[in-house]
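The two complexes that follow have chain A in common; it is paired with chain B in the first and with chain C in the second.
Let's look at the complex of A and B:
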């Protein structure tokens, strides 16, 4: 369990290292009730959309990034996740998600931790980046 | 002094950092022993004439200058020393503008334009030079860019070597903790945008990584 008092500016969260597989994306699209085949699951459809291949759905990338935060702070901790999608996220490539604490404050009775969060590739590609706010318990 | 010559606040559509968050973060970097004296906000495709950061700059003791990063048909260009006369002549929102016209207009109006991340695959100035385009008014490029992928800063370095360009450094920060990842060292004090232009024209500066920016005086 991580407590608000234990967190300092500059603390690193993660990394979470993972990969989105074809099967994983199909499973996600099934749960998401997205009609398949689509640009997330089919190479030909993706290439018709001028993509290099099937890509990871944005909301799935958000889920992966949220997992870093919930693994760290607990399942109900995330208050905000504001992301910018800079590049398509490919299947079967190493994905690294990490966060850096940039601010802490108490607001409306909650202990809030603000952090930068980033999903990068093996060559330093910045796929998705943004800001997250997480609420942590206090020791007191 | 050390200045980050390339950063984006929430005034740019793809940034999630406020100016105050950048300045707070610079306080963290200073506590760690790094020397960061100022930043230039180079917002995408515009210049924020109406934004006044002087109170924040004084509160955090960090110089906050304003510039722009413009899209051109030959890649992105950082512009320092922007004036009303320049924005009257050049449409900053025109993503297909000719960079050569921008370079000339900038100098005509007391500003200076510098290719951003020239080693970037697909969109950097290196790509266009390899296609045979000539940019006789380019003398300085962004040699260190904090947002570069592996190999891109090396391409910018090669470009400087092959063309005799001088290099600056900037973080290209869009997130708080990325500010000042790359900086430019100047031997003199710079207190406003016009002095920044003069310092760039003086050709006495060099790009540095944050790790090199320490409180002791840097060698020239």
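Let's look at the complex of A and C:
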């Protein structure tokens, strides 16, 4: 359990290292009720959209990035996640999600931690970046 | 120089409704396991009940899979051709629990241009508010789509 008092500016959260598999993307698209095949599951359709291959849906990348925060702060902690999709995220490639604390404050009775969050690739590709706010419990 | 953008401005202030969406245990568990979430309250109803919830709880970005159920009008933007998903924001305001019935209400939030080294891009931002059966706002989701020259 991480407490608000334990967190300081500049602290690193993570990393979470993972990858998105073909099967993982298909099961995500099934829950999403996204019509398949599509550019997320099919090479030919992806290439027609001038993509190098099937990509990970933006909202799936977002869910993976949220996991870094829920693993760290608990399942009910995330208040805000605001992301920019910078580059298509490929299947079957190492993905690294990490965050850096940029602010800590008390607001409306909650102890909030703000951070910059980033999903990168093995070659340093900056796939998805943005800001997150989580609420943490206090020791007092 | 501020670029004058041409699009259907009369869409501002209009809400586009969708739902209700009945949120099932299977949907929440499928979403959670698909993302590799380890929080017990996402996948185990007993663990969720031990924590004081009625049933399994949705992970923070769950509503993103419901946003595209809202039928949004074409804003007739006279700029560029291909549109890409540029960004997404989720503000999670209250727990979403299996058995909830959610409604969605979307409106056009903003249209703006940005010019960088690679040229000008125009961003179209839609905001969707999700409410549960009690009228409580559970999440606000913003989606932005970008068009290039």
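We take it that the second predicted complex is superposed on the first by the 140 of 140 C-alpha atoms of A that agree within 3 Å, B and C clash if a C-alpha of one lies under 4 Å from a C-alpha of the other, contacts with A are read in each partner's own complex, and residues count from 1 in each chain.
The rule is simple: a contact is a pair of C-beta atoms (placed from the backbone, for glycine too) under 8 Å apart; a residue touches a chain by one contact, two chains touch by 3 or more.
The shown structure was predicted, so the numbers you read here are calculated from the model rather than taken from an experiment.
Asker: Please work out whether A:10 is in contact with chain B alone, chain C alone, both, or neither, and reply first, second, both or neither.
Answerer: After superposing on A, A:10 lies in contact with chain B but is clear of chain C.
Asker: Is A:67 in contact with chain B, with chain C, with both, or with neither (first, second, both, neither)?
Answerer: After superposing on A, A:67 lies in contact with chain C but is clear of chain B.
Asker: Have a look at where A:84 lands relative to chain B and chain C in the superposition and call it first, second, both or neither.
Answerer: A:84: touches chain B and chain C.
Asker: For A:116, decide between first (touching chain B), second (touching chain C), both and neither.
Answerer: first
Asker: Between chain B and chain C, whom does A:103 touch in the aligned arrangement: first, second, both, or neither?
Answerer: So A:103 only meets chain B here.
Asker: By the touch definition at the top of the document, which applies to A:48: first (chain B), second (chain C), both, or neither?
Answerer: After superposing on A, A:48 lies clear of both chain B and chain C.
Asker: Scan A:125 for contacts with chain B and chain C and give back first, second, both or neither.
Answerer: First partner only.
Asker: A:138 in the overlay: touching chain B, chain C, both, or neither? Say first, second, both or neither.
Answerer: neither
Asker: Name the chain, either chain B or chain C, that contacts more residues of chain A.
Answerer: Of the two chains, more chain A residues are contacted by C.
Asker: Following superposition on chain A, which residues of chain A contact chain B and also contact chain C?
Answerer: Shared contact residues on chain A: 82, 84, 130.
Asker: Over in the complex, which chain A residues touch chain B? Could you list them?
Answerer: 9-10, 82, 84, 86, 100, 102-103, 116, 118, 123-126, 129-131
Asker: Which part of chain B faces chain A closely enough to touch in the complex?
Answerer: Chain B reaches chain A through residues 14-17, 21, 24-25, 28, 32, 147-151, 174-178.
Asker: Which part of chain C faces chain A closely enough to touch in the complex?
Answerer: Residues 27, 30-31, 33-42, 57, 59-61, 64-65, 68, 84-92, 95, 142 of chain C touch chain A in their complex.
Asker: What does chain A use to touch chain C in their complex?
Answerer: Within the complex, chain A touches chain C at residues 18, 24, 27-28, 30-34, 58-60, 62-64, 66-67, 69-71, 74-76, 78-85, 130.
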